[in-house]
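Each of the two complexes below includes subunit A, the first together with subunit B, the second together with subunit C.
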Partner chain A sequence: MSPQHGSQPIQHQFNPYSDNGGTLLGIAGEDFAILASDTRQSVDYSINTRLSHKIKVISPPVTKEMKLESTDIVGTKNSVLFGTNGFSADGDALTKAFEENWKWYVHDQNSNVETGFEFLNENNEEKESFMSMQSAARNVQHLLYGKRFFPYYVHTILAGLDEEGKGCVYSFDPVGSYEREQCRVGGAGASLIMPFLDNQVNFKNQYIPGTNSTERRKIEYLSLDECLKLVKDAFTSVTERHITVGDGLEIFIIDKNGVRSEYHALKKD
Partner chain B sequence: MAGLSFDNHQRNQFLQSQHNVSVKTTSTGTTIVGIKFDNGVVIAADTRSTQGPIVADKNCEKLHRMSPKIWCAGAGTAADTEAVTQLIGSKLELQQLYSKREPRVVSSLQMLKQHLFKYQGHLGAYLIVAGVDPTGAHLFSCQAHGSTDVGYYQSLGSGSLAAMAVLESEFKMNMTKEEAIKLAADAIEAGIWNDLGSGSNVDICVMEIGKDAELLRNYRTPNVREIKEKSYKFARGTTGILRTEIISEVEIDTSV
Partner chain C sequence: MSQQDPSTINGGIVVAMTGKDCVAIACDLRLGSQSLGVANNFEKIHQYGKVFIGFTGLATDALTLSADLKYKHNLYKLKENRGIQPEVFANLISSTLYEKRFGPYFSTPVVAGLSEKTGEPYVAGFDCIGCIDAARDFIVAGTASDQLFGMCEALYEPNLESEDLFETISQALLNAADRDAISGWGAAVYMITKDKVTKTYLKTRQD
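Showing the complex of A and B:
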């Protein structure tokens, strides 16, 4: 209970933030990466929408040839899967800011070299280049830290392929501290799912049977199929025990063929 | 000593002023409703119990029996609805034994509101009281501070607005038992889907004049969990054993 009523003046203040619930999850595989989130957006005990999108595929144009190979492609292998969770208005603003940076970066990089600076492009390459995950992550850090004293109230996760074509996941705190990781969960269900992933992806607390608990189980890359199973089980489980998680599950998968998306229904109670 | 003990009140106040700690209670986030029909009354509840944003129990019971034909649906602090309902239930039985008369819904309501008023709202019990007695079928609601309401349909809890929306559009006088049960279940479902504090299943209790009350536990189960993609059974020996100790059994002589 608060100190006695009337004993001191009460100061009222506008709170610019709200918590929109939900969970965001990223897993990196050997040659693919997954970014998944639930599609519920809520405030307090109310649901704003059962189909919100917390993940944006930031991609170069998808060509007709790519569509011919697979019809459900929503992005190229050079895409950045950009996910935010927390205060959704800030998440949308951050996504927009990054998308803008990404577009200008790609534009500038592919525009013709000014006369007199040809030595910068010695091989005279015509090949189009995009934004590496490393650069994307560093840019997001600057966007977040730029609002150090009025932060974007979000947990951000990026997923994509690195310059060697390996799957990668970058996760950020609200003010821009970031790290490249194998897997990460953000948002309301983080404390419920993260220990599960530590155990199932990085084999934490698992020993090799018969070694008398002296030899830890070696980490190995999981297959895409195995990862998708973990993601689905993680979300159906957290839906059972967290009230702000549910309604739908949106999964984005990036590999050498491009980006695919899947949708699965979650419980709506 | 009778009543509640306030021994720790001052200590807790002090702790709260020094550190940011407080006692967290399990809330029955809850949607509960009660509806009168031509020959009785029906009450219903969802089955989710929460501790903040975490679901504490997916299938808890919010329908309490105060006497064989007087039942209570409770919202608010789980411990309070349980305790207050048991206390009044026990008083009702003693009164029945003494007076050799069936307990009446109005007496239970009077006892509840006087008890709750005495505690000035500190007992977080929000109840829908219903039942049949020699004077007929009755339906009331009772707030934590002790105020009460009479009506043909009632709803309480965080999902009360969702439930009342259904009740206001579908209720009609002199419904049959079946119609009332369906309306009650539909109202609870509105809470289950649209209120994050409510969820899982629908429990119903029907009290009909001249018949035994019947509790329809899990009358509807629209939230059965789907089968998991994968088994998480570990190979034997996966968990590390740090230390082993064998304690021998000790015989205790119980003879004097």
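Showing the complex of A and C:
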């Protein structure tokens, strides 16, 4: 029975969050990293758009020489691939906030400082400097924890190359707890894909035949082609079983040549 | 502790898959009380003639249901003088569950077997009020059903030979259980072919 009319005041509540579905996936290879996501954005059972972008390539300017080598380059090897999944308005806000920090950081790194403070910039060298993935990750932690009591409702994943040129993936919870990993899935399809990645990337529960399950299969880096196959398999699988995942798959690959992107159609039902 | 979901108190998973002239059904061995582990030998798969059924969900209901079905299976054998077919058993489970439509058993069973006449593999799953899901590929159930769906959807292919099906179902179960805190603590796999049934215990993580 509904509460008797007039017996108590009607209460209204504003909910500042919504769930926009979707899935985000990052894999690190030996000298490359991948960040991929589906392109559907939905609320409840409605689809807002079939082509939304959850990943932003935050990159220094791409030079003409780089374009000459390969026309489809969308970022340099010093880029940060920045992906958010969850409440997309918060994701966009976080992406913008980080981009701002990134731009000022790079600017300050490369600007000459006052006489007497040369040590701050390796004696005012002309060498161009960028933001390392380690620093990017720590900055994102501060952005997220800065809103500890009104959080950005997102699962964040960064991908890029570390200072040795090795692929790296950093993943964050909504309030800034983070970790560097070989692979991570975030969002609606995380529970479906994560065990698959445990098995296929980190070789969990795989043993060398004939050893009576005493010797684990040694972990080794996967090639780019193998990783891309896994990404596509993961997304086609999760599209099959999850209603908020589908429409399109956007993949960004970063290696020593820069960043390039791929698009593949997913089922639209 | 006041309000809790009965189907996730004890934890546990079951998965079944079809192959070429074979079916497999597997379960974990954990029985828990929320986060507390209580037993590591709680087998969720029961045998009824040549039909195998895995019960996930609330352990007390799973046990009650398995005993009720044992009773009904015995009566069936007495009346009909023959074993029960998996399709028939699925319908029996469905009506048994629906009898309790407004006060259901908090258990989601999974049936696996070979049809005696055709030799066709058969798997079926149910919700807690008896709606049959007779899939042609695989059925998952339990607290790590999301993880199992992801694993099965990615690893499964149709018409696998029994050795390959065994590997597929084992990897699906193991890796799904490892991403669920209240599943695991051992596993058992049944491989059912025309003239042989094998039961294998798997070595698993114990955390």
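To be clear about the criterion, the second predicted complex is superposed on the first by the 251 of 269 C-alpha atoms of A that agree within 3 Å, B and C clash if a C-alpha of one lies under 4 Å from a C-alpha of the other, contacts with A are read in each partner's own complex, and residues count from 1 in each chain.
Here is the rule we use: a contact is a pair of C-beta atoms (placed from the backbone, for glycine too) under 8 Å apart; a residue touches a chain by one contact, two chains touch by 3 or more.
As the structure is a computational prediction, the values presented were derived from the model and not from experiment.
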Touched partner set for A:Lys204, first subunit B, second subunit C, both or neither: second
Most subunit A residues touched (candidates subunit B, subunit C): B
Partner chain(s) touched by A:Asp269 [first = subunit B, second = subunit C, both, neither]: first
Which superposed partner A:Arg217 touches (first subunit B, second subunit C, both, neither): first
First, second, both or neither for A:Val238, with subunit B first and subunit C second: second
Partner chain(s) touched by A:Tyr45 [first = subunit B, second = subunit C, both, neither]: first
First (subunit B), second (subunit C), both or neither touched by A:Met194: second
Footprint overlap on subunit A, where subunit B in one structure and subunit C in the other make contact: 205-206, 213, 233, 237, 240-241
Subunit A - residues contacting subunit C, complex: 189, 191-196, 198-199, 204-206, 213, 233-234, 237-238, 240-241
Subunit B to subunit A touching residues, read off their complex: 13, 16-17, 29, 48, 50, 53-55, 58, 158, 192-200, 222-223, 225-226, 228-230, 232, 234-242
Residue ranges of subunit C touching subunit A (in the complex, touch as defined): 146-147, 149-151, 153-155, 171, 174-176, 178-179, 203
Residue numbers on subunit A that touch subunit B, as the complex places them: 1, 3, 21, 42, 44-47, 188, 200, 205-213, 217, 228-230, 232-233, 236-237, 240-244, 267-269
